[in-house]
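Each of the next two complexes has chain A plus one more chain, namely chain B in the first and chain C in the second.
Up next, the complex of A and B:
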C-alpha cells in the first residue's frame, strides 16, 4: 500500500521571470509503508521542494499528492496543520527543538497538541527516550545537549505521535560521523522493528549507503530510482 | 503546557523582558503618583472651598441663585425639612439667610453681605471656631462677627458697635445696631473685606423674615455620588425649588479643576505614548526573532490559534507583572502621603491659604485610580499583542523557516 503518492508534480519559482526555476518538473513518486528511502541529488534538484509538498508545507502548481489515499492539496489550512500533526513526523536539519522545553517535554509536546493523557504521554516519552538512547538526558534543555543528541530527540519527537511516515530534511547535515552513525542506527532500528516509513533528503553518502531505496533527482525530475540491499 | 511555554519564553531573554516590565512599572508608578497628587489636590480644593462654606448641594427657591434676592426665599417648613432630611446620603441641613446692605461705624460705611447662620450646625461643616482670629461666636441675636478685612476697614474691635442698614423681606426696612463679638478670617481676601455673620435667628429678626431662609445647605461626607443625591432631592421637591450642586454654583472652580486636569491627562497620555512605543519595540523584535520558531511550530502541527494564544499570554503575563509591580510600588507611597500629606513650603503655602485652599495635599487613594490606570496600561499591552497575532495569522511556515 502506498503511504505517499505524487502524480505529475510541477513547481516553478519566479515564473515568467529571467531567473525562473523549475523545481519540480512532472514528478511522480510512490512510497510504500515501511520504506527507508533517501531522496538524493545536487542542490537545486528539487529534493526539499518535494519533501515540503509531501509534508503539506508547500503547494505545487499542478499535480496531486496523496497521503494514505487522502488528497492533501484539497485540505484547508487548519485541516492541513491537523493532518501534519496526526500523520507526519518532521526532522529538520537544524533540529528545531523548542528551546524552553527539556528533552522529555519536547518529545511529549506533539502528543499534548493531540490532547493525549498525561499517562499516555509519559509512557510514550519514556519508550522513545529509551529508543534513542537518551534516558539520562530527559531533563536537559536543547542548549545543554550536543547536536547529535538534539537530533535524536528531534527523531523521538517526530515519532511521538505515531505518524504514518517521517520526513527528514538533511537530518545529518550538522552532525559528526559518530552522531550520524548513531542516528542512522536508531532510525534503521525504528524502521525495522516498528515499521515506520522514513523519507529523507540528503547529500550525505553515509546516509545514502544505509538507505534501502535511493531516489536520485535532477532538475526537478527523478533520474534514478534504485533499491539497495545493505 | 501553553502557559508553561509562554512563561518560560518570557525568561528566554531576561534582560529584554525585565526592561519591558520595568518600563510598564515606571509608567504605572509615575502615572499613579502624578494623578494621585493631582486628584488629591482637587479633592482638597473641593473639600476646602466647597465643603467649608458653599456645601456640596444647596436648595433655594427657583431663581434665587441668579438674582440673590431675599425675596426669593424658602419657608423652613417641617414638611420640607423632613423630606430632605430623610433622603439617603444627607448628613445635615444648614439653613442660611443671606442678604446685602450697608454696614457703618462712625463716618465709614461699607457694602457687605450679611449671613445668618445656625452656628451649632455650621461648626461641623466650617469649623468656624478655628477661623476666629479674635472674640467669640455670637451668643445672642444682637451679636455679629465681621471679616478681618471689614474690621480693618472700620478699625473695629471686639465689643464695638456697628450699624446695619438694608432692605428686608418683601421691602421691609432692615436697620439695627450690633455688637462685634468676633473677628473672623475666612481665608479669602474678598470675603474677608465684605462679610459679616450673625445668628440665623438674629438675621431673621433683622430682615423681618421669620422662619425664612435663602438657602438650605446639604452637608454630606464628600463629593461622591453628588449627582445622584442631587437628583434624589430634586425628585422629592416641586418646581418652586432649585437644587444646585457646587459645580453649578461655582462653575469657575469646576473649570479651573477641569483645565488643570486636562494638563495632567495630557502628561499621562504622553507617558502612555512612550510606553506604547516601548512595548511595541519589544514585541516587534520578539516577533521578528521568533518567526522561524513560529514556522517550525506550525510545521510540526501546532495550530495557529494555539500559537497566537501562547504569544498573547507572554505579553499578558509580562504586562501583568509590570502593572502589578507598579501598583504595589506606588500604592504604599500614595497611602503614606494620604495620611501624612505633602505640605507646601513657605510662600506657596501662604498663597494657597490666601485663596482659601489648604497648603496640605493629601494624595488621592481611592481604588478607582490604580484600577483605571492599571486597566489602561494593560489594555495598551493587549493592543500591542495584536501585532504578533496578525503576523502569525499571515504566517507561511515554509517562508518563515527560510527566514
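Up next, the complex of A and C:
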C-alpha cells in the first residue's frame, strides 16, 4: 500500500521572471509503508521542495499528492495543519527543538497539541526516550545536549504522535560521524521493528549507503530510483 | 494543547533573554512611574492651589447681592441677611460662615498709594472660614488693638514700607459716595502662597468699618465653609434667597475648570507616555519573533495552529506588562505617598508658583482610581503592541521559516 503517492508534480519559482526555477518538473513518486528512502541529488534539484509538498507545507502548481489515499491538496488550511499533526513526523536539519522545554517536554509537545492525556504522554515519552537511548537526558534542555542528542530527541518528537511517515530534511547535515551513525542506527531500528516509514533528503553518503531505496533527483525530475540491499 | 502548556511556554520564552526582558520591564516600570509621579505632582499643585484659594478668600460658597459683583457698588448689600443666616445656622453641613463688608479703596503711606480690597470682618468668624489668621508672619489678628487695627499682606507691607504698629490710611467712599480717609494701625502682617492676594487685600474689623460707611447691620458678602468640599452643592441648593449664591467653582471658574479637566489631562498625558512605550514593546517583541523564526516555523510545521502561535506571542507580551505594570504602580504609590507627606521643595521656582497661588513645596497626590486605570491602560496598550509581532509570526511561511538562519 502506498503511504505517499505524487503524480506529475510541477513547481516553478519566480515564474515568468529572468530567474525562473523549475523546482519540480512533472515528478511522480510512490512510497510504500515501511520504506526507508533517501531522496538525493545536488543542491537545487528539488529535494526540499518535494519534501515540503509531501509534508503539506507547500503547494505545487500542478499535480496531485496522496497520503494514505487522501488528496492533501484538497484540504483547507486548518485541515492541512491538523493532517500534518496527526499523520506526519518532521525532523529538521537544525533539530528545531523548543529551547525552553526539556527533552521530555519537547517529545511530548506534539501529543499535547493532539490533546492526549498526561498519562498517555508520559508513557509514550518514556518509551521513545528508551528507543533513542536518552532516558537519562529526559530533564535536560536542548542547550545542555550535544547536536546528536538533540537530533535523536527530534526523531523521538517526530514519532510521538505515531505518524504515518517521518520526513527528515538533511537530518545528519550538522552531525559528526559518530552521531550520524548512532542516529541512523536508531532510525533503522524503528523502521525495522516498528515499521515506521522514513523519507529523508540528504547529501550525506553515509545516509545514502544505509538507505534501502535511493531516489536521485536532478532538475526537478527523478533520474534514478534504486533499491539497495545493505 | 492545554492552556497551561501554552502559558508555560510563553512564560519561559519571556525569560529566554533575561537582559532584554528586564530592559523592557524596566522601561515600562520607569514609564509608568514617571507618568504617575508627574500626574501626582500636577494634581498636588492643583489641589494646593484650590485649597489655598478656598482657605484664603474663596471659601466654598459666597452669597452676594446680584448687583454687587458687577461693579462692587457698596449699596448692593445682601437682602434678608438675617433670614439667610438663621437658615444657615440650621444646616448640619455648614462648618462656619463669615459676614463681610467689601469695599474698594486705596491704602496709603508716605511711600505710596495702592489699590486694595478692604474686607470688614468679624475676626472670630473669619478665622473659622479662612486661614489668614494662621498665615501671620508678624503681629496678631485684629484682637489686640482696640481702635482701627488692620491686617495686611507682606507684599503690600513691603510696598507701603510699614511694620507692626505703623499707620496706614485707607481711602474709600461711604454709602453717600463721600470720600473718606481713615487711619488704621497695622496689627498683623500675613503671607499666603498667593502673592497677588497678599498685595491686594486688607482686613479690618467690621465694627470699625461699618459705622464709617454707614452700613451697620448690612453685609456685602457671606462666605460659607462646608464640612467638606463635596457638600458645597447640596448646601448651596438648601439656601433659598433672591441673592446670588455661588459655589467656589462659579466664583473662580478657572479653578473649577482646571479641576474638572485635570483627570482628562492626566489621562492624555499618560496616554502619550504609554504610546511611546508601545513602540518599545513592538520593537522588542518583533525582534523576539524574528530571532525565533525557525522555532515558530517548526511549530507551524508540526501542526500547532496559527491561533495558538498568535496567543503565545500575545501572552509573552502580556506577561511582560503584567510584571511591569504592578511594579511601576507600586513604585509610584510608594514615592507619591512619601512625597505626599514630605513634599517636594520647589523653592527655586517658588516666586513663579506663588504668583499663581501655589506653594513652593508641593505635596504629591493621586486619586486611587487612577492607579487602577493606568494599570489597565498599560495592559491594554501591551496587548495592542503585541498585535504587530504576533501578526508577523502568523505571516511566516513554515517551510521557509524552519530553515531561517
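In this section, the second predicted complex is superposed on the first by the 230 of 230 C-alpha atoms of A that agree within 3 Å, B and C clash if a C-alpha of one lies under 4 Å from a C-alpha of the other, contacts with A are read in each partner's own complex, and residues count from 1 in each chain.
Heads up, the rule we're going with is that contacts are C-beta pairs under 8 Å (C-beta built on N, C-alpha and C of every residue); 3 or more make two chains touch, one makes a residue touch a chain.
Quick caveat, the model's predicted, so the values are computed rather than measured.
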| item | value |
| --- | --- |
| Joint occupancy of chain A by chain B and chain C, clash or fit | clash |
| Touching partner for A:30 - first (chain B), second (chain C), both, neither | neither |
| Partner chain(s) touched by A:115 [first = chain B, second = chain C, both, neither] | second |
| Chain B versus chain C as contact partner of A:96, first or second or both or neither | both |
| First (chain B), second (chain C), both or neither touched by A:12 | neither |
| Which of chain B and chain C A:52 touches, first, second, both or neither | both |
| Touching partner for A:82 - first (chain B), second (chain C), both, neither | both |
| Contact residues common to both interfaces of chain A (with chain B and with chain C) | 52, 55, 57-58, 78, 81-82, 84-86, 90, 92, 96, 98-101, 109-110, 112-113, 157 |
| Partner chain A, residues of chain C touching it in the complex | 1-2, 5, 9, 12-13, 15-16, 294-295, 297-306, 308, 398-399, 402-403 |
| Sites on chain B touched by chain A in the complex | 1, 5, 8-9, 11-12, 293, 296-304, 306, 397-398, 401 |
| Residues of chain A defined as touching chain C within the complex | 48, 52, 55, 57-58, 78, 81-82, 84-86, 90, 92-94, 96, 98-101, 109-110, 112-113, 115, 157, 169 |
| Complex interface listing, chain A residues touching chain B | 52, 55, 57-58, 77-78, 81-82, 84-86, 88, 90, 92, 96, 98-101, 105, 109-110, 112-113, 157, 161 |
